[in-house]
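Chain IDs A, B and C follow the sequence of writing; residue 1 opens each chain.
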Amino acid sequence: MLNKNQISENMDKFMKTLFPICRSITGKGVKQTLELINELIPLEIKYTPTGTKVFDWIIPEEWNINDAYVKNSKGEKIIDFSKSNLHLVSYSIPIKTKLSLNELKEHLFTIKEQPDVIPYVTSYYDKNWGFCLPYNQYIQLDDDGLYEVFIDSEFSNGNLIYGEFLIPGRLKEEVLLTCYVCHPSMCNDNLSGIVLLTFLASHLKKFPLKYSYRFLFIPETIGSITWISKNEQNLSNIKFGLVSTCLADSGNMTYKKTRSGDNEIDKITEYVLSSQAKDFKIMDFSPLGSDERQFCSPGIDLPIGSLMRTPYLSFPEYHTSNDNLDFIKIENLFDSLLNYLEVIFIIENNEIFKNLNPKCEPNLGIRGLYPSFGAGNKKTELIKAFSWVLNFSDGKHSLLDIAIKSKIDFKLIKKASEILLEKNLLILD
Amino acid sequence: MLNKNQISENMDKFMKTLFPICRSITGKGVKQTLELINELIPLEIKYTPTGTKVFDWIIPEEWNINDAYVKNSKGEKIIDFSKSNLHLVSYSIPIKTKLSLNELKEHLFTIKEQPDVIPYVTSYYDKNWGFCLPYNQYIQLDDDGLYEVFIDSEFSNGNLIYGEFLIPGRLKEEVLLTCYVCHPSMCNDNLSGIVLLTFLASHLKKFPLKYSYRFLFIPETIGSITWISKNEQNLSNIKFGLVSTCLADSGNMTYKKTRSGDNEIDKITEYVLSSQAKDFKIMDFSPLGSDERQFCSPGIDLPIGSLMRTPYLSFPEYHTSNDNLDFIKIENLFDSLLNYLEVIFIIENNEIFKNLNPKCEPNLGIRGLYPSFGAGNKKTELIKAFSWVLNFSDGKHSLLDIAIKSKIDFKLIKKASEILLEKNLLILD
Amino acid sequence: MLNKNQISENMDKFMKTLFPICRSITGKGVKQTLELINELIPLEIKYTPTGTKVFDWIIPEEWNINDAYVKNSKGEKIIDFSKSNLHLVSYSIPIKTKLSLNELKEHLFTIKEQPDVIPYVTSYYDKNWGFCLPYNQYIQLDDDGLYEVFIDSEFSNGNLIYGEFLIPGRLKEEVLLTCYVCHPSMCNDNLSGIVLLTFLASHLKKFPLKYSYRFLFIPETIGSITWISKNEQNLSNIKFGLVSTCLADSGNMTYKKTRSGDNEIDKITEYVLSSQAKDFKIMDFSPLGSDERQFCSPGIDLPIGSLMRTPYLSFPEYHTSNDNLDFIKIENLFDSLLNYLEVIFIIENNEIFKNLNPKCEPNLGIRGLYPSFGAGNKKTELIKAFSWVLNFSDGKHSLLDIAIKSKIDFKLIKKASEILLEKNLLILD
């Protein structure tokens, strides 16, 4: 179905195109990112003006950055935004000034434990400025003369923008798949989710689907708050969903459960992970993390899980310049994509049937579904699947429930149900 | 109560009498078997004519077999039904013909992995014929000349028959105990169930009982379907039940749960097995197996478990000529019988009481139930049992629940309840 | 808050004052004990006359003892009540007689397995008498001449007395804390509960409390039956409670659950024990034990657990002269007191809140609750606690539920809730 080489190559190319862009929660970087996604899937871009109240929050001014650097007393650029957009604290105010080292240090950020990386720092809601640099560079800054600080950023009334793509299915019920588009040059935390959802959407839109699938490409936190605020009337259409992030590192798959922990999406995703040979991890819900913090807030309480590889905060490259193109592997991202497709396969096919011949077993032999010579011990897995599907198609057990109970693969259970349906032994509940 | 030697000897004799008979789902073999059971317990034999519709099935023609063999080109009988009734595929059509080895082979059944056994094969619902033989014999058949095939079988309008025996108790509620009578010469799978239920019925009918006990001796699948179909109006009388099979091998006891898995019979049987020193196995329900497939079909859904030793399919002798008199041991069958009696003891005595003095403890001392000199640490198990029974006789906990909670043997809990009942401290709920 | 040295010293002094008193279920010993408690906390002493019916029981005559001994034929006192009040079986009738060794032996109690201890024996409801002595002494009694037995005890119409102390809180709902005052000179089983509850009450009465706290100092069994009988109309005020006993030995803490096992007091106490570094033990409810037998009888069924160290019957010193001042350690009793205070801290503070901004997260930054520079991985435990409290303050989860879910210490969860309450982000449910 999927051409692994072709898709991997395209994902790799797209990742490399997106990487250099300086994204933040507003501004040209997000817009450029959404336009690039729009070349692959038809994205509806939504605008929410600066100053709009979204629940407890207010859409901030749009922030754009042209240039930023720090020069030493010799006039040498020792920190240069044009070399890495992580050097600048996101949402830094414009400034042009000269400072002593001590004054400057109040605006410098490093990670002592990882002395060679540039950390990722933001200051969205406090008007401030700062630079990020490796600790090893930081400790070598000398105290001779003044440093020149230059930040050419602009704040303006503008818009918070996000992208949205709906694949309509037979049913109005929606599966929500969401990622965030607000981080500068980092791959696993941010871009991996964008690239995966773009290619997933691009693949799914070719097929007729039972459920509708809504893809969101939004700035984290303020973006999801805005989207929820503007779509509050339609949230009841959402059956369940997943937050997509950290999908290209070399770790095993991790599933973070929904707030209740017992939703159908929890059962489906845990089944997909457990039916593979590889190790995996299941985490309980916590209100720390990504946009599930908003979707699972108590007044919204949507069943949104998160399917990832190594979770944010659990890999040292997280929120540093080391979360770069070298850190990730496209084959891991492709493997993550396959996991998402497995999950969606079950979402689409997890029917509940009723046995139309519920009193004792139907005679499968006269329907050509049973071997002529009965030997008791020669039952194929398909014949066993017939028995399981017939017995538990009582209007209470879904095909996935039956697959779990029987320990027979979901795909074979589904195949058995299709044959039984064709023979008029089942009906959709 | 039970004379082990006497009963074992009688069971052994009965097993040996039943072994040679060629049983199938209809015909003289079943009839002869039921008549032999009827010599030990008064069996009501029920007839259902060929062609009768029972749910999705139709009662097949009655099948009887006089003789069957295959001769080689030298006229030697190389396969002879009269030497083992497993040689012939059950329900083979009559035939008299000569065939080349290649043509013959399409009708021969062997088990390569068990080269010295004759497999058990049936073809109830497809008009066909076949012979079964050891693989080692099969590979030595030579290609010189034609083989003569002779099967002197008869199909006729007749009846599906089964036997039924009800021991009426004080209550109309029934415990269903069922086994199948349709296998030719095989001991553990088939005869062990017949022999056990015959002697269990023969023993139980001597005592006044609380519940009614219904014993079924039926052809597997078509027999249980027929019985359920004819008794659909009375199924609500069935409290729960057990399928009896595979009860004479040397393995540990196994209990296969009812469909819901949380019925009283599940609790009782698991308690009986776990309160013995020996290992045992608890299996979840599956819709593969014996007549629980029909009793537990979603439109019938009776709480029927299965109490056995090594389950069908789990011992290599299953459905072969090796499941013979040498394979089983009567002492194992007797041990199985004791397990059934333990289960029935709890069924009969698992009352729910109400404490008539529920506010604080009653004064056991003035009723002669407590030692004069209290030393705190000298309580007998019986006195502890008094406390447990009094505390949990709240109309919600059965004596078995109390035995499980207290880890005091059910029989002592029952004895405590009897004494407390006599002292007017309890009342039946 | 607590002065460890001061309180330990006072508890030690009190324990030593109480130790020599000969207590029984009635009589001067109980009265004297209650008067000593009354010097530390204002105790209401309740009288129930001999002959009063309390549920299934009748208040016995008051028993007092002046002197008791056994002399050998040489006139030597070989057993002397004045040396240990355990020598006399409690509630022995008055007697003055001469007996042969064989006749005497019917009234002697020893423990062969612990040959050097005096056992503790009672005969409350059978008019009888007896002496207790070490087995090693018992086997050396010689058969020369008659023994003189003298017991100067008195039975009289009098009262069963117990002490009660209520600390009224803001709410009428009561936490019941109960211990027994009927054992003669034994420390861990009996006195440790009395001393702990006296000092706990003395400490708690200084503070404004949410719940009311009722302390009972009662004779075991007949005392709790009497109290329940006289207070039946008010039992619905009791939220839950604990029986206090065996609190000064060197074992780890043990919690014996309430009858249902899933009450809030179970959750609280298990949390307190599990949040310490030390080992601890959780026991299921059983109707054997102390006054929980009455409080948890099926017609009363109050949620009363028992928080102790090594349970009765589990330490060899139990109910012997070895359960003395040398056996216990005041530092263990103090540690037990701290455990009770931890439990009460959670009882008092385990609120259920509702998030007043339940749709998405509130903006903590504008309320000064979030650091200006966001770096994702720099969240303090307090900020995490904000997220947990906000997300699960949905009217269903208590602060303890949130502490358990989040694995964040209850005290920090409580602190977070206080700050959020102050910021008008929470409201009491």
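One rule holds for everything that comes next: contacts are C-beta pairs under 8 Å (C-beta built on N, C-alpha and C of every residue); 3 or more make two chains touch, one makes a residue touch a chain.
Quick caveat: nothing in here was measured; it's all calculated off a predicted structure.
Where the sister copies chain A and chain C meet, the same residue numbers recur on both sides for under half of the interface positions.
Overlaying the C-alpha trace of chain A on that of chain B calls for a turn of 120°, given as a multiple of 5. The distance from the centre of chain A to the centre of chain C, with each centre set as the mean of the Cα atoms, comes to 55 Å.
None of the residues of chain A touches two or more other chains. Chain C makes touch with chain B in their complex at residues 54-57, 89, 109, 119-126, 128, 130, 221, 224-225, 228-229, 232, 259, 284, 286-288, 293-294, 296-301, 312-313, 318-319.
In the complex of the two chains, the chain A residues touching chain B come out as 355, 357-363, 365-366, 372-377, 379, 384, 387-388, 390-394, 405-406.
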